[in-house]
Amino acid sequence: MIRLGLKNILKPMYLATVHVFKRRFTIKYPYVALKPTERTIGRHIYYPDKCKECGLCTKFCPNQCMELVEYEYQGKKRKGLQIDYGRCMFCNICVFYCPTQALGITNAYEILAYDKESLVYSPLRLSVPPETEKGIKMVSVRFYETRGLTHS
Amino acid sequence: MDLIDLAIKILIFPGLAFIITILVFAVWFERKMWARVHLRIGPLHVGKYAGSLQLIADFIKFAGKETIIPSKADKLFFQTTPIIAVLVAGLSMAVIPFSENWIVFKFDLGLLFILAVYSLFPIIILLTGWASNNKYSFIGALRAVFQLLAYWVPLGLSMLGVVMISHSLNLVSIVNAQSKFWFILVQPLGFLVCFIAALAESERTPFDIPEAEGEIIWGWITEYTGINFGLFMVANYLRLYISSLIITTLFLGGWLGPRFLPPIAWVIIKSMIVLTAIIIVKTSFPRVRMDQLLRIGWRILIPLAILNVAFTLALIQLVPSIVV
Amino acid sequence: MAILHVSFGPQHPGSGPMRLILDLEGDIVVKAVPDIGYVHRNIEKLGENRSHIQNVPVLERISNIDSFNASLGYLMAIEEIMGITPPPRAQFIRVIMSELNRIMSHLYGLSISFETSGLLAPLYWGIADRELFLDLAEMVTGSRITYTYAMPGGIREDLPNGFKEQAIKTFNYFEKRLDEYYDMIFENKLYQMRLKGVGVLKPDDAIKLGATGPTLRGSGVKVDVRADEPYATYEQIDFKVITENAGDSFARTLVRFNEIKESMSIIRQSLDKLPEGPIRIKAPLRTPEGEAYARVESGRGEIGYYVISDGTDKPYRVKISAPSFRNISVLPHMLKGAHMADVPIILFSTDPWPFDSDR
Amino acid sequence: MSLDLENKLAEEIKSHFLEAEVKVQRKSRITVFIGRELMIEIARYLNKKMGFDQVVSVSGVDKIKENAFIIVYHIWSTSKKVLVTLKTQVPRDNPSLPSLIKIFEGVNWHEKETHEMFGIKFEGHPDLGRLLLPEGWDGKFPLRKDFTLTQ
């Protein structure tokens, strides 16, 4: 026979009722913009002037999503970084290892596209800062203080 | 003239059109309330106000989907049971009064009719589960049959007290008998038993065993897709809503209420309150196991219901003026 | 009676990407055979082909819900081979992140286990409150789930300004919430009815069959890597190893619930004791020859990393001993004799994560 | 940190199994290397006499240059809080080894996985079927060093 503990039945119902009037957590995202934090990892930003074309970022990328490609920059042919965001997993190791801080991270998290080709960012496209959105400053560029080729 | 009147009642109010409208509203209300308890927002995009037309969008989506019939299913029953389920569920609507005159069939044995309709569901569910030819469907169907049969008895017994006081099986006279006081005041035990049994009959948590999602997928509707699935959902919501309408009629005084609102509004408001109570119960308890469910049904609810009948008898003997 | 074979999963709302082949006699399970491997990626082989630093984000994905703990084990192993010890501040921050991750993992696992028993409201409350901890993690690392935050020789970045205040605010809120959870769930008559005495695992069997984490502690065995073999700075922190003696699903769930409280207390202590200093020391790119077995207590139990290095910048062999792998292998023992309706409850009381059992 | 307990345990193993190479690695880590004939015996001794009761991991290592596999059992003692690394070597051509399932029930899946990934036969294991790899796998052993990943 089941003993009916009345308190153990009414208390959950009371708590459920109370929750009807509590504050919601949901952010109505497409209507309301999300607020990224200072450190949110979003799209990269690339500074061709600083880049020495050493290729450390491509070497350390765990998913091989980066490539040095030839392109035309200020009338000169040179090599630059191209990122395939279809493969990128935003681990940020490339930024960590860049010796000249030519690669930074912004907190622009909206990197959507309708096809895979438009997810491949050419060097020129990467060097354009991402658009600021509806009053929220998206472009806080971040580097890591230590640089270079050691785990430090 | 009578024929036109009947046609209006069947097709518009409180027939088909009304059922659809109230269903859209009830489902929207349930989902919104449910979401609120969950700290969610619920339907948001469709409709002018807070996703109010979400159900219509859902139904269009169901209708647009492919209907898959498993190759080894019994095709005749597999395709007809959804329609039968909706028809049978909607049948009870015919005897529920929304005001003195707003009733499709004025029928002296209305309550008996409702109980008879309730007793049809196990057969439909068993047929559905069997026709699907799926182990999960079959397990679900068997569970449903056990559950619905076990809870049909306390449901009927708990209504007996009301019948004894009002001396009628006619739902209109039952409501009229409550003009002095609502029956919930003299039948608290009956109300409790009826509420729990109605929960079980409409397969809501904590008694959603036949369609326990984590255990047996969707129980007896596992194999259904598209519009057939949608029809079953309609049937289930209808059963839920009719349960709350019956509780409203039997214990909460039906359309009775202060004059500033029309009687129909009172029925809807009261049934929504019952629905809210059902939602609160639904969200605050886990589902019980089959053996526990049957134990609650046979060993607790039925003795309580019988106790209620005895209590009513004593009440009638002691206070004869209570009987109308 | 005839035996009914039921395939529980992988396309089942209560199974996750794994399968249980059940033999039912009436409503009773007479035999259960877990079938895993639906999300197998052979991360051990991938690990052999990537350098140490590249392995960090890859190995995190064995258990992305508990990713910091998953990567910490590997880093501890290669740091042991390198013979370096990260500075104390880094160690403390590792403990903070590790416990934050444990809270998230437990909250998620608990929420899912409530859902399988049909208790829907706490499912959404848990998921909603978990957002607060995800926010904290985002504040520190920039990501919400997979961080790549720990690096060989320390951590990537220091804690941000205002983290302590934010964390303590969150904990103060959440400790009040936990009381509500307790009343809603563990004091709930129907929940007790449903979970008590279901899927009992005796302490001897639990040890012998290799259960780990909350599953083992729910049987009353006081085994916790944090206490047995304190890594990082767990030695300097005062915490209890939570155990329950019943060994049933209710006890396992309760252990995880109480560990959330304990984790918050650990983070509070760590934040108070946090020393100043560097957050990283120089670590060589190549590891010397050698091998190490490092163990971490993750949300689901012990993650063991057996790393062998042959002197290059890649590991020669990475063996991951995953907690869910061990807990799922104990399942047939617990499921025997249970009701069909209790199968998902027992399954989720061990908090299975097929992604780390399959690797 | 004193290594008294570890040294004592190592001495005990050494005194009973003269062939074994025993080494105390660090706090709560003892490495034992032993021939495969003695595996059952030493496992039984560790379990029954010394209280090592839980196998936490079984790994295979492909030493392709030495033409051998190394099988590593990590055995944990819940009472003594010490982890023994029990190692043995089998030839690469015909890798087989007696299963420890009679002594430690928990090695069941670990050995199954090692069999699947390296092709090492565990004699006396009741079920060395498929565990992680997909149905219809072509019978190669993915964690052997001669199995290369193709991009």
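For this structure, a couple of remarks:
Lettered A, B, C and D in written order, each chain numbered from 1.
Operating definition for what follows: contacts are C-beta pairs under 8 Å (C-beta built on N, C-alpha and C of every residue); 3 or more make two chains touch, one makes a residue touch a chain.
Quick caveat: nothing in here was measured; it's all calculated off a predicted structure.
Counting steps between touching chains, the shortest path from chain A to chain B takes 1. Here the spacing of chain B and chain D, counted between their Cα centres, is 61 Å. One finds 43 Å separating the Cα centroids of chain B and chain C. Between chain C and chain D the centroid-to-centroid distance comes to 25 Å (mean Cα coordinates, whole Å). Listed for chain A are residues 2, 4, 12, 15-16, 19, 25-26, each touching two or more other chains.
In chain B, the residues that touch at least two other chains are 37-40, 283-285, 292.
Counting partner chains per residue, chain D has no residue touching two or more of them. Every pair of chains that touch is listed here: A-B, A-C, B-C, C-D.
Partner chain A is touched in their complex by these residues of chain B: 33, 36-41, 44, 280-281, 283-285, 292, 295-296, 299-300.
Residues 26-29, 53-57, 59, 61-62, 72, 74, 78, 81, 83, 85, 104-110, 117, 130-134, 142-143, 147, 149 of chain D are the ones that touch chain C when the two sit in their complex.
Against chain B, the residues of chain C that register as touching in their complex are 4, 6, 12-14, 27, 114-121, 123-125, 128, 184, 188, 190-191, 193-194, 339-344. Within the complex formed with chain B, the residues of chain A that make contact are 1-2, 4, 12-13, 15-17, 19-20, 22, 24-26, 28. Listing the residues of chain A that touch chain C in their complex gives 2, 4-5, 7-9, 11-12, 15-16, 19, 25-26, 37-41, 60-62, 89-93, 96, 105, 107, 144, 146, 149-152.
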